[in-house]
Amino acid sequence: MMTGMTSAVAIHDLHFLLWLAAAWIALGFMGMLRPHTTRFIAHLLFPLGAILCLGVALLAGIFLATGHAPQMVILPLGLPNLPFHARLDTLTGFFLLLLGLAGAGISIFAAGYFRHGQGTPPGLLCLQYHVFLASMALVILADDAYFFMVAWETMALSSYFLVTSQHRIAEIRRAGFLYLLMAHVGALCILLSFGVLQGGRWQFTFDAMRGASLPPFWASAAFLLALLGFGAKAGLVPLHVWLPEAHPAAPSPVSAMMSGLMLSTAVYGMLRISFDLLHIRYWWWGVLVLGVGLFSALFGAIFATVQTDMKRLLAYSSIENIGVIFTGIGLAILFDASHLPLFAALALSAALIHSLNHSIFKSLLFLATGSVLHATNQRSLGKLGGLIRSMPWVATLALVGTLAIAGLPPLNGFVSEWLLLQSFLYTPQIPHAFLNMLIPLGAAVLALTAALAAYVMVKFYGVIFLGQHREPSLVNAHDADWLERIGLAWLALGCIAIGVMPQLALRAAGTVTGALLGQTVNLGSPFWWLAPIAPKQASYNGLLLLAGIVAVVSITFVVVRVLAHGRMRRTVPWDCGYPWQTSRMQDTAEGFGQPIRHIFGSFFGMERELPSPTDVAPRYRIHIEDRIWGVLYLPIARGVQRLADWVGLLQSGRLPIYLLYSFLTLIALLVFVL
Amino acid sequence: MHPSYMVTEVLNLLAASLLLISFAMLSRRRTQRLITLFAWQGLVLFASTLLVAYSSGLRELYYSAALTLLLKVIALPWILQRLIHRLGVQWDSETLVNIPTTMLVGLGLVIFAFGLAQPISRMATTITRNTIGIALAVIFLAFLMMITRRKAVTQVIGFLAMENGLFFAATSATYGMPMVIELGIALDLLIGFFILGIFFFQIREQFDSLDLSNMEALKED
Amino acid sequence: MVILIVLGLPLLGALLLALFGPHRYAAELNIGISFASLIAVVFLVLRVLRHGPMLVLHDQFFVDSFNVFLVALTAFVGFTTALFSRPYMRIEEQRGHLNAARLRLYHSMYQVFMAAMFLALLTNNMGLLWVAMEAATLSTVLLVSLYRTRASLEAAWKYFILCGVGIAQALFGTILLYLAAEHVLGHEGMTALLWTHLNAVKGQLEPRVLGLAFVFLLVGYGTKVGLVPLHNWLPDAHAEGPTPVSAVLSGLLLNVALYAVIRCKILVEGSIGSYLPGRMLMGFGLLSAVLGAFFLWRQRDIKRLFGYSSIEHMGIITFAFGLGGPIANFAALLHMTVHSLTKSSIFFTAGHASQTADTQQMDGIRGLVSISPTVGWGLMLGSLAILGMPPFGVFASEFLILTTAMREHPWTTPFLLIALGVAFAAIFRKVQPMVFGESDAPPLPHSPALVPVFIHLAIVLMLGVYIPFVLAEWYRAAALLIGG
Amino acid sequence: MVRQFGEVALAIAIAPLFAGWIAQCRAWLQSRTAPPLIQPYRMLRKLFNKDAALAIDASPLFRTTPYIVFGTMVLAAAIIPSIATDLPFARVADAIALIGLFATARVFLSLAAMDIGTAFGTMGARRDMMIGFLAEPALLMVLFNAFLLSGSTALPSVVDASTAHPFFVDPSLIFAAVAFVMVLLAENARIPIDNPATHLELTMIHEAMALEYSARHLALVEWASDLKLFNYACIGFALFLPWGIATHGRDGAPELGLAVAALLVKLIVAGAALALIESLSAKLRIFRAPEYLAMAFLLAVLGLLVHLLLGA
């Protein structure tokens, strides 16, 4: 009876979710009805889209909270022998929740943002935007390879058009090209991975793949192909090169969606294949993913510190966070392969919660940069500064995101990193002589990354919002409008909520780990406490921590006011008594990155131009570039070029030669059949 | 049966001469000569077809023989003559890649062709079983000729020679294709030839020469 | 009867157009005739739907699940191309690239070509098939050389010689086939070349001979399919002919040539009962796909670019047929359909694009969306579709082909991967700057007829997410017929 | 609860004293006349009475930061089991979360330092952040070590575990302890990384950040840094010298008294030791800091490996 109820409800969940996705697409086409009337689109369609996001989040949340029994639907679409299958299980639910929560904020913000539409007409933008949303939802809901691939590539395509919405700028076109190329090659890898997974039984539904048990070689092949494909989408080093180009190029809400949501669909795909579709996991997969993840994390963090464009900085920080997530996945695979399900569940929960967090705070920060961009038309950190005074709303809300992404308690970023470090603590129990000594160092790398992230964020926030205006024009920068504020506030609220009530996120993740690994961590007993293994081992309580800080701070304030006084006068800054304070004397973005360049110099391909002491007009220029280009991509490009030149020789333009070709072909074939 | 034996002998003789003519064409430099040789080839083809028709008593084959006579012995050579006079290229000769090697290659091709023809002639019921190999050889040699030529006209002659080989194969190996097909083929051939004729003039007015070495602009540079 | 109408209409049209060629409404007449034959074909298809496959006129003509949809496709693309060519040729005439006489030649030859296509598809007689292919060659040669420029003449000449020689090989192959056939079917009448009869007795045909025959047929018709290394005529012909001709070359002629090859494959494979023909097709297909992709990399001329892309796709289709089996064949048939639709629509947009910029050099074409958005988006979407981007139908077939290859011959997948990847990079890096960015070119004198483009793309899009039952059934039946 | 508040009060009270004691020892070692022990208190009182001078365009962030920093430090003091392990608040954050808490304080202070937009403020901020991200891995390795010994990162459990069998010293702990001391020096702006007494512009780190603060704000910042030092010391005690801390169950009034006494003794010894180290070593150039902290990290890892080899 009860189960019947829940399953019935859940079936409706899935139907509703599909309808919501369809509704998004419908909204998009409504945008095409009046493609140039901004108010109609901005004040009607986008808010509606946001409401749909909330609906998705709500349904997913209900599903996770109540019935966990997976539900399936077969759509009347697709190939004749392979109709579209859709499925709603806990993994799906979790990522839909993520999609809905972050998407709502972004859509509301976008409603405020796209009013100033340039480049692509807003109607078209609206279409692409909502198709993008819908395709992401469908990627997560898809339950057969074909449907998945269609949704996956539609996602890439729509986002590509969004990225190039300002196609008159050459760099943006270049970025878009690189992005779509990488996306397509990655997609082909995923396709081949599915081709392996169906194990020669010509069944492309995920159910059939779950059933198939592949020989080790093919299982590994499938896994590696999937890692390539999803890694390219997620931006794992060395497949990351498109990311810092494409994310900044897009309009800010789109950057937010790409960084916050699209990357997590890659995480979803990785989890789906490696934990659900593959029947077995080998320990070296875990080591591989772990290594790649850690390297990406460190790489992203280090490169983020030296960026001078605020959106590029955030893009590199996305690489870092993705690295952290994949580190968690790697650990989970490793633990699972060495039959330590509890710790696997811990690591997996960490990865899941971190992707949830990342989707929230990264969207928040990208949106904030969007507001800054509108207010100032500046993306370069060297021309910003002191905006906390002219745009207090954005500054305050961005501060929350900054602290969260810097992994500071009591906000959400800290929770996932804490969980991940906790799971690292148990690596010595892995029964491999070298691994259990090497992997703890991974924890150190992770800590280094986290601290670097804090460094990056201090730079980000400090250079944009604090200090003096670096340009006189910044004085009349206006604050974000109310729609944008709502979006930002929603996401900031998310950061705080997950930070102080992490056990809720842990419960959501628990349903996933329960389904994938048959094991959940200790979901908070006592309820308000986060004690994944046991309270005795390690515990954390964000709520009490926040309460404590607030209490102590307010008490201190009161005491100070009572015992001492609140007298205060405004003066010029002291700064060791230097008389002339100009805004150019404060640290620039380059300057702030200088210690990192000094310490990790070997990472960068650096060219700089230092003023000599005798320069009358000294100027300092530095150009940082990614070594991977030179090492990996340029050789490939050159190779293709050379091959193309050789092939070109075939078309020599001389008829006798052509005749010779066909003659030789004829002879060769005749010999062949003889 | 004696007469059929006779016929076979004669037919083989004709086939051999066909092959000989092909070799001759391979080595000729002058367009003029080539046309004459082509006409001879047509004549031999006519003769053989007639012979096969006689021996097999199929009416269709008489038609196709007539067709051959009209088309390959009279019409085409004549038109070609007119053309090269009009174009004024009858005397121009071309430098081939040295003839001995071409000949050797041709020889190899002939052997190869015979080898290929073995299974076919083993199953062929007609009295003209062995000739298919020769037909194949003629085709190969014509192909080789086209490859070695640098002039539009000569290339076309090579093309026509190839058609001859095909015709010979059709008649000798299979007592000819069904009539409709034969007509269709002949028609295509004629039309195609006219088109080529038009092309010669257009090419010459565009490139003021029929030398193929001018027509190497379209390529991957 | 319907079949005769289908075959007769275009010939009649050719005659009419040849007579009243320079008439003002020649283009409209052309459209009308194409439309009429489309209607006729629709009736034909309806009959097949009602009564199933049919053999008529002493079995000389037949319609089965394999050629029915190709006929429909041919009629449809022929009609849309006629629609497109009206404004296009008008503009060409205004620009002085053509005069009235040439236009007459163009229109009548267009109809001749259509007739040849229909004949090649509908005939049951391998000999007539050959005749039709030759006729198609001749008519297209005239069409390619329409502009009478040096380049177009050179292209036409190469096309003529290469395909002529090729088709000669095919004839020899046909003769061998006949030889083997009459051995079994006897010589009386013309049954010995009827495909259905051959197919019935293919088990008894002498394998060695059929093996040889297949080689000649493959080289012959393969030349027209544009398989590397027999492809050299294709890019020149596509680039130098008028755009509608490029469209029908890529959209129809290649398909029909491949159709001929496959008909032969069915017989031969049935006779020698080995995978030899399949292996040959796979080899050619793979070679064409990979080399075609690399050819794409260095193109400057837009129509040449997409010509090479046709080579690549024909390679993929041939490879799929080579793989054999119901699914690969299904995929190949689907790919034939979507490729001809997409490619022709691309040529439509490319033609107008080069007219707007007044050059075929891609460096000269810029910012199409800012001049005429429809052309720009048409080109962009078309290219993305041809590059196998979902939800367009090309992806559906590539999905099936890749996964089948993964199962049957895993070693081939890296090559396919390289081919697709390189092709994507090569085409897209050229298309993007043409479509996006700024431009200061003036708009076209005649409003381009882009309805066809979007109809084609809409169909391709539909085939990506939903294949109508009837079509699926045809594909299935044809796939079984092809077997392998 | 009482125990909790008692401990916090004690920490707040004697943190400046500890700082003062170290200063005094240093003075003796450098044979200067030492300031009186209560000097820090005097300074705090004076600062609290002064009028705050605030830069013109200082944002609210700048003004709230001192309170937040002070608050986090007090909270940390409440969490660290300095005299007793059975504290209601101690479970709120384990050692890793403590590092996070310190990081929060650091980030806020750096942001505040950048708020005014002076040359020295930003310089100090970035240097402090640099020290921070170099120190954290080492510190984490130390905690990892402790975790391997006690199977927990919650300090109370660590203490309980290690006091269960008295006077037991794992060889790995020696490495860990050295590493910890090095980190402590770096984190609390002591020589050889920073000099708490300097105002020589180009060498200062912590002072540079506090440069724009005055009066009560400055007082809070200073007091917070004293608390930080005290907290680190207490973490050190909890990890390496847990003896005397009133453990779970055995924490009546006498044990607590004993614990306080033990704490004081430890502080005195530790202060003297720190002073000694500081006086013996010279201040490093800022870009030698990475090498120094890398050394600390190395030692911590060595401890880990030693444990994995010899231990469990």
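For this structure, a couple of remarks:
Per-chain numbering from 1; labels A, B, C and D assigned in written order.
In the analysis below, contacts are C-beta pairs under 8 Å (C-beta built on N, C-alpha and C of every residue); 3 or more make two chains touch, one makes a residue touch a chain.
Keep in mind that this is a model prediction, so the values were computed, not measured.
By number of C-beta pairs in contact, B-C leads when B-C and A-B are compared. Here the spacing of chain B and chain C, counted between their Cα centres, is 31 Å.
The centroid of the Cα atoms in chain A and the matching centroid in chain B are 70 Å apart. Note: centroid distance chain B to chain D, computed from Cα atoms, is 101 Å. Chain C and chain D have centres, each the mean of its CA atoms, that are 78 Å apart.
Of all residues in chain A, those that touch two or more other chains are 648, 650-651, 655, 659, 666, 670.
For chain B, residues that reach two or more other chains under the stated contact definition are 116, 143, 146, 155, 215, 217-218, 220. Contact of a single residue of chain C with at least two other chains is seen at positions 157-158, 161, 165, 212, 235, 295, 298.
Taken pairwise by the contact criterion, the protein chains fit none of the simple patterns, being neither a path, a ring, a star nor fully connected. Those chain pairs judged to touch are A-B, A-C, A-D, B-C. Only residues 157-158, 161-162, 165-166, 169, 211-212, 214-216, 218-219, 223, 228-230, 232-233, 235, 276, 280, 291, 294-295, 297-298, 327, 367, 369, 384, 387, 389-391, 395-396, 399-400, 402-403, 405-407, 413, 417, 420-422, 424-426, 428-429, 432-433, 436-438, 464-467, 469, 472, 475-476 of chain C touch chain A when the two sit together in their complex.
Touching chain C in their complex are the following residues of chain B: 116, 119-120, 123-125, 132, 136, 139, 143, 146, 152, 155, 159, 162-163, 166, 169-170, 173-175, 177-178, 180-181, 184-185, 187-188, 191-192, 195-196, 199, 202-203, 206-207, 215, 217-218, 220. Note for the complex: chain A touches chain C at residues 76-81, 84, 145-146, 149-154, 156-157, 164, 167-168, 170, 173, 176-177, 180-181, 184-185, 188-189, 191-192, 194-196, 198, 200, 202, 204, 640-641, 643-645, 647-648, 650-651, 655, 658-659, 661-662, 665-666, 669-670, 672-673. Residues of chain D touching chain A in their complex: 48-49, 51-57, 59, 61, 64, 67-68, 70-72, 74-75, 78, 89, 91-94, 96-97, 100-101, 103-104, 106-107, 110-111, 114-123, 125-127, 129-130, 132-134, 136-141, 144, 147-148, 151-154, 157, 199, 201, 211-212, 216, 220, 287, 290, 297, 301, 304-305, 308, 312. For chain A in complex with chain B, the touching residues are 648-656, 659-660, 663, 666-667, 670, 674.
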